[in-house]
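Next come two complexes built around chain A: one with chain B, the other with chain C.
After this line comes the complex of A and B, so read on.
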């Protein structure tokens, strides 16, 4: 490695530690970039070892971009409240912009979140399916919003890839009906208690779950050859 | 005497039908002329938007967003750009923000003109449609001088816009607004207060506010039910907090709060508010370079974001998960028309066959966005 490269990496890592990840991402040369990334991880580990006071933004966990201080405290408030009311329902104690929950009591918790006067999450904004990658778990992410208090939280529920099941909240928020059907359609996650768990966007007899990372398109559909997607889009 | 129930008859409307606003099939169960159940069947226009996004770079997603809601493509570009910018923490120049607001509000007017004109068609008034299309055409002409495209613009980019305003654009918008504002009164005389139109829409398809909220209905449809909720005001993005405008809500002037007429009228008044915003933006637009903040590479840091913006149809949100590469790991679009269509079954029960089409039209759906 030339001196110039070392200097470049040092500068980029210093910038990245200050929060500017672009400094590393902007390095043109691929090898230098990856070296800079490795140096960054090392620097972070060192910083953690020397200063026991943890900075939450340094964790390698996926971080929520929208982390206004008020919102964060709301997530924590909700998590603390749920911990008290429904013990053992949270997957992780620490709240990092979202609440990681177990699926078990989700229906009751959803009702509680909707009706509790402190939270009043009367609107289910969005339901997003998520795939951690081939062979890994699936996840459902709920974005809740309160019309009265004008605040939002995100709730995530992990589920097993081979037998993905999450309780349905169709009866709590009526839009859950279509959102859950869409998630089922794309990820094959079954929502227990849903009154009409069928595909919504794809044809009923379509095979496979399109948005899973290991999805392979079926070869023919009713005698029509499904065109293969070539590697590397232009 | 009890109520006499006949056998239910199943009737198919669509997928190809002028009043379904696209390729939508309605499976209607009727008892004589009275509707007992409507099941919308969607997916005829499904183009795997979200799957495509996982295979193209962040820049390449923008033309796809155009094609989701093809009536208000500027607003779709806008929402996407704002979301990615927040994820990358890009601050765009002031001039870009003003240009974006101007084109987004013009596009909102164009979208509402189409919605209102087509709604007139749905309930049997042909003439207003022609008047509204005449004026919508002027907005499309403005956009053509702006970026060369009339419907699918690819104009608002992450970190900026594709072209600066062409010479004379601001003057042209001013003269359009001067021309357009009195026309709203003309539409009112022509359609809004027409007796037949009121008979067809007033008190029909009432959507109570709690039903609307539970179904996730947003935008003019929600405001028609009397709920004062607009992201431009309640959770301002871009520079909407700088402008002075009102949020019109339904008041039940021609029947009950939340009927078809209210949803229609909210859109009509909203056009006035858009004119107001556009005028303020034209007045305050600063000079500057629109390409200054364009990132060389769009490679957001690891993380996820859920960001909402106000499209003419309601809360348009993008949920983006980035793994630090130039290609989105997961991109979900929360489409306002999707939620609006889901409420159709609930609010059209008990109405006549012809009312279902009036209710469907009042929800102002765009199938491209529902099926994605």
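After this line comes the complex of A and C, so read on.
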């Protein structure tokens, strides 16, 4: 885009913001005109985002905000509740979109979160393994969702790399059975209390934990070469 | 030679038995459908009415005991590779293998970094025809099958092979 075009667009957008839409509609070149329109939309959105207080339609919300200065997020509510019910179960006090927890009471806490009428997390949506790198810890992340209240939280539990063990929640949410087996398969994190802690995707006699950062593929599997062997095919 | 008796004049040799057998076998190679990934969809399309494999005498079978050709269609994982080998061994002789698609021929997109993928099914079983493509179109599969038919036709099952 030439400097001339940019200047033209800027001028047209400024005029349009002042209320004169003809400034944009009069641009003859079709491409430049559409670019100017896009710029106008962007400018309007920016103006809206930076000055919400001036917008008269927002005054109702502001009044509510005055009476209760900071509405607690769901994670904070859950964290406060857990702190009260299960002291010393949280690893970090500050909640930043997720709850960092110790593994110790996880089974009981999971039951509590599922059955408490305020939370009713009846669905375990995802279990994720996470590797922080060599010499660092492993982590398991649980995404819980409540069908009744339609709210979601994330819970993270760190565990030692050399002896990774986390209590199983298979008995709390049945889907946890396969989720935990998959996490075990990929990261070697053992879920204590799981009824069938074996690999789910890799063969049973596979060596190593494929998604760990220090994973190295085994050379052979039942006499079959695993890494690439054919040369000259690229 | 009950079929050919008294049909021709004396001393006329129509064709060698070998050729006859080769022709018969090549025009009815029933294939063992081995759909492992997206290639299986193309294989199904090939067998269905638009491309109609039946016109070249091929019927999909789901048991290795009834099949002459194994079409390995898709990504063969290390876990599956042992099963592929076992199923190949269960097929009755003479048997043929077609590696369909780039995964079965060389590992495909998992060529370099896929720890769990077999880098070509020919590491486990002998392959007769390779069909490139990701996945190959039905035309490509049919081309490969015709190549296989040529190969079967060239076989001489009754002739003594001199080593």
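One rule holds for everything that comes next: the second predicted complex is superposed on the first by the 155 of 234 C-alpha atoms of A that agree within 3 Å, B and C clash if a C-alpha of one lies under 4 Å from a C-alpha of the other, contacts with A are read in each partner's own complex, and residues count from 1 in each chain.
Just so it is clear, a residue touches a chain if its C-beta (ideal position, glycine included) is under 8 Å from a C-beta of that chain, and two chains touch if they have at least 3 such contacts.
Values in this document were obtained by computation on a predicted structure and should not be read as measured data.
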Contact breadth on chain A, by residue count: chain C or chain B: B
Touching partner for A:225 - first (chain B), second (chain C), both, neither: second
Partner chain in contact with A:108 - chain B first, chain C second, else both or neither: neither
Touching partner for A:203 - first (chain B), second (chain C), both, neither: both
Contacts of A:186 with chain B and chain C, given as first, second, both or neither: first
Set intersection of chain A contacts, chain C complex versus chain B complex: 201-203, 210, 229, 233
Interface residues, chain A side, partner chain B - complex: 21-22, 25-26, 62-66, 122-126, 128-131, 141, 143, 147, 150, 152, 154, 173-175, 177-179, 186, 199-203, 210-211, 229, 233
Of all residues in chain C, those that touch chain A in their complex: 78-79, 81-82, 106-107, 111-112, 115-116, 118-120, 123-124
List of chain B residues in touch with chain A within their complex: 42-43, 46, 48, 50-51, 54-56, 60, 86-88, 210-211, 213-216, 227, 229, 234-235, 295-297, 299, 301-308, 315, 317, 319, 321, 324, 330, 332, 334, 338-339, 342-343, 346, 371-372
Of chain A, residues touching chain C in the complex: 201-203, 206, 210, 215, 217, 221-222, 224-230, 233
